[in-house]
């Protein structure tokens, strides 16, 4: 029985962890951390958990938790995990951090984009970026996982193979992303009220969104050269789902079959990545509630560009699902254990 | 391994059966019936099934299917199951009919409300109304299950205990129901287009909706007297979910505790019925994707009425989930096998 | 030129007043009151007003405003108008109060349901309940209008004729109401976030909603006897719109034509009330953005009940539109001036 | 009194024309053409028009209509207007064609992208592309207006100034567009059902969408050189609204102020184009129901690109509103007559 503690259990990602872990019989959640709801029944906050979770919310005490849990998930705002973690804790338990604290290897870049001082830079090197399909080997033995951001997961998986194989110009990449509103979190902000989001779409964080350096870092590893790109997220009136539409210049003429072969080379044996059939566009409705990422591409011969598309559930593969996938790898379990969820439609 | 055939697999209820059954390792779907999509890959119609279902759609051949399947689900328009079923088929396999063909014991009532001639009235008596929480014993040995309608399931479970225990006047019942749009089916009708449904709510089928006699029949069994009631369904701009708000005159003054005790008497040991805490109103978001029915009530001392409320997912407990629950009972399995799904939120 | 001041201009109802009044050339808005946004440009809060409104938000100073404005609209939380109004102000300007402060004639009832002490009970008698179709004559000469609540407007207009003409039992009325989310206001509450409201429906305020005594009072005038009823509002995932479905026992058998004649008697010459054709159910999509109320009914001979339905835009006829209609009457203008808006669909 | 005939009055764009024209007292609609609903009352199809329109739908008889109407709007599928128009008709009346038939000057390009034979190529030269802000002078004297497509209107207005002034590389343009579902029309297709669109986003027509050559043609006029670009539309779960996010390489370093000055040069005196304040992103909710286009931009110094954004209502400025704007110009009226509509929010 794997004992799990969750810090930040009453955000959307935290509650999604609960959903995924409750359906397993080899996992026990021993700590529902939520500073905002201490001593309140978890199922009073998330009514879907009535009769399924009896526990009350607890404070964010990572020291205490380290003694109880085999693994701690932190689904908290940036900065919290870095401020709590220490060698003593890491010697006792594993940590999977869903925040951005350990995703970026260069502290200065982190501090510039996040406007925060990093409280534990000594663990950045050790932390493994938990994009499972790419860093599987390192994840296996990690103590500290930096669980990827939602946009970076979808963007990287959609673009990675073409960049790695040198098919596209690394300086030409533009990512236009669209996310459901759960990505904006559960905080009570006027901008996220139903009437403000419904019947509207907008870009936000244009040229300054904090997932930009994370995507650039991962794609730079693929390209073997420093990648700088444009990333523009948009808010869509739906609960879940991320779609990315990425554009890049093809280095030379390629056929559909050639590009398809490249995607297949990387993903043929990946359970969670589905390369769709020719001309079928990824749609978020086909992945809702699941850990799948659907990817596809279209070559535009007129302009010499390729359009790469990816769709996934931002709360699953973009957060809690990938965190569980990381946990599975770290504990030597089947990677898709508890994650063979059929997408919910409609 | 239970071999399952589905006739009508490309409607919303049929596809939901596929979703629920794919997650089990003791069930194999051997027939994806869909007259509209014969020879088309099922996953070309339902993109969520890519890499999960490889099969193509087949015709509605119940005779052939009876030789292959241990149980046949018919998720088809009214009249089809009654036109296909016969003694030979029932001698070889079990049938769980998600249409209304065998729900109403009085043929004349069926024919009047459905404007159809019943093609197999000889099986009506034998058919068991598959409202599991109430007819569990009979379901166990049935060959033919009339899987309840979505509105009748939610209405009956919400009202049944109070009527059975004689707390409310059976002639005073009014049910105001609200359903997500998947209840309207997947047919290409202008009225169900996104732009026609979104940003609107309407009543429909006022005083003539075909679930009315089904609800009345079930509640009449509870009351021990003929119940006639008002049932008004409404179309809500959401995919899934049914909420019913029911009103009745209390026969005499009762306390919260007395009514609560009655609900508990019937549902305390029911896995799928959750009687909520005092003053907590059922909401469809807390049951989405699951087989739960959340019920609660409020006494209005001023008017002497009680307001009963129930929420469930119309495609799960209101269709496919209850059908699987019936299958579990019929095959001697744990009743909640494959159905311990945590509701998806948000 | 009518000079208008708005207190509470940055709530949904206040901003809707701005929308309606900006389209007129006989009205000038001289005060955009909003305590939360003092000195902020109104169009920075409501981006739809860019290039249309140049003004900044002002404090809630009713004394100052009384010297500048011919009429003051208060679109503020309960209690504020009553706390600000006095004889001096009313001697200088007219007030149309969109809150509940002056709607209920019995102070004790107001204080009990609203849990507030009434600060200006001396003006309650004088205040005219601004349901234009019914109190037109009194509105003409009023200084202080109690602009009706959204649910009471829709409920009263749907039921009034039948009660007035004695067709229905006044003790049998049940109103099941459904509202879009703008009715919940623009306050930053978790419960009203997009992800909490979308894909869900719930009842709220069951048996205790504060519009209940207001509806009962108005219907009591119609019935000539004290009416007590059940009123249950529901929150629907859409921006605008209220639908009410009301049930009552018919006192005796009536035909469709008889009931239709009663509705026509009251509404044939009303511009804003549309009695729909037989069997056409009101839908909120057909009234969006307009001041119309669509009503219809269905007789259920089986149960001896009648189902009355009404649909309107909660922010227009349910708030700002009716307030403008009241203003038109008070200033001797054509009642539908500036309100002949074609509903926006889709 | 301008007499107006509408062919295709029961599509979304046609009905929007009705909405806009009904609110005017200088216009009379003499013909509600709709082949699908001949002899049916228009208000039976569009319930928002009850009591506002009494007329019945008529056949698509352009010859008869030419004798009755001062101007004919064709809001019909591609090919119909070209198949009906002739010199006799054009000698009697003006035509504003909302389809694509006369938008593209090169017949071969039209026929290739639309897979249609053009039936009236002789009128293509004469037809004026009705993008009012740019072709105002020519529109004045036109007999035949090619009313621009929704995506081309939003795209062109957002990019035009920068291209015209030579700030961006014409070969680097990528347009990522997002549209509400009314853009998909009112045809009864499974893909546009509520449950298929809601809670999802997808790209469609990738690299082959038919608005591509139209945008390219207009931007080529601005650039003075042939522009080829990528255009990717997406379907968003909302009724109305288009947002475009466009990317281009800056030819040289520019400041915010320089770019702002360019936009102001073109749009300062345009009633319908609102250049937003620095860092304010256009959102479709702020333009709903109105003829406004909100535009803005963001310079990304890191990548040397500029991101241009535009938001408008696809049915108003993207179709019916611009058509009315064209009519106003053609008849020598104030250009914004009947179009000074305050956007509806929420």
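For reference, chains read A, B, C and D in written order, and residue numbers begin at 1 within each chain.
Assume a residue touches a chain if its C-beta (ideal position, glycine included) is under 8 Å from a C-beta of that chain, and two chains touch if they have at least 3 such contacts.
Quantities reported herein were computed from a predicted structural model and do not represent experimental measurements.
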Legend entry - Contacts common to chain A and chain B (chain labels): C, D
Legend entry - Most remote chain, CA-based centroid, reference being chain A: C
Legend entry - Selected pair, greater C-beta contact count between B-D and C-D: C-D
Inset, instruction - Indicate the whole-number Å distance between the mean C-alpha point of chain A and the mean C-alpha point of chain D. - result: 38
Legend entry - Distance from chain D to chain B - Cα centre to Cα centre, in angstrom: 46
Legend entry - Cα-centroid distance, chain C relative to chain D, in whole angstrom: 36
Inset, instruction - Find every residue in chain D that makes contact with two or more other chains and list them. - result: 12, 182, 195-196, 198-199, 237-240, 283, 285, 288, 346
Legend entry - Complex contacts: residues of chain B adjacent to chain C: 174, 176, 178, 180, 195-196, 198-204, 206-207, 228-230, 232, 234, 236-241, 243, 245, 247, 281-285, 288, 298-300, 302-303, 305, 307, 309, 311, 346
Inset, instruction - Within their complex, state which residues of chain B touch chain A. - result: 12, 15, 18-19, 22-23, 46-52, 182, 199, 239-240, 274, 276, 280, 283, 285-290, 294, 340-346
Inset, instruction - Spell out the residues on chain D that touch chain B in their complex, using ranges where they run on. - result: 12, 181-182, 186-190, 192-199, 237-239
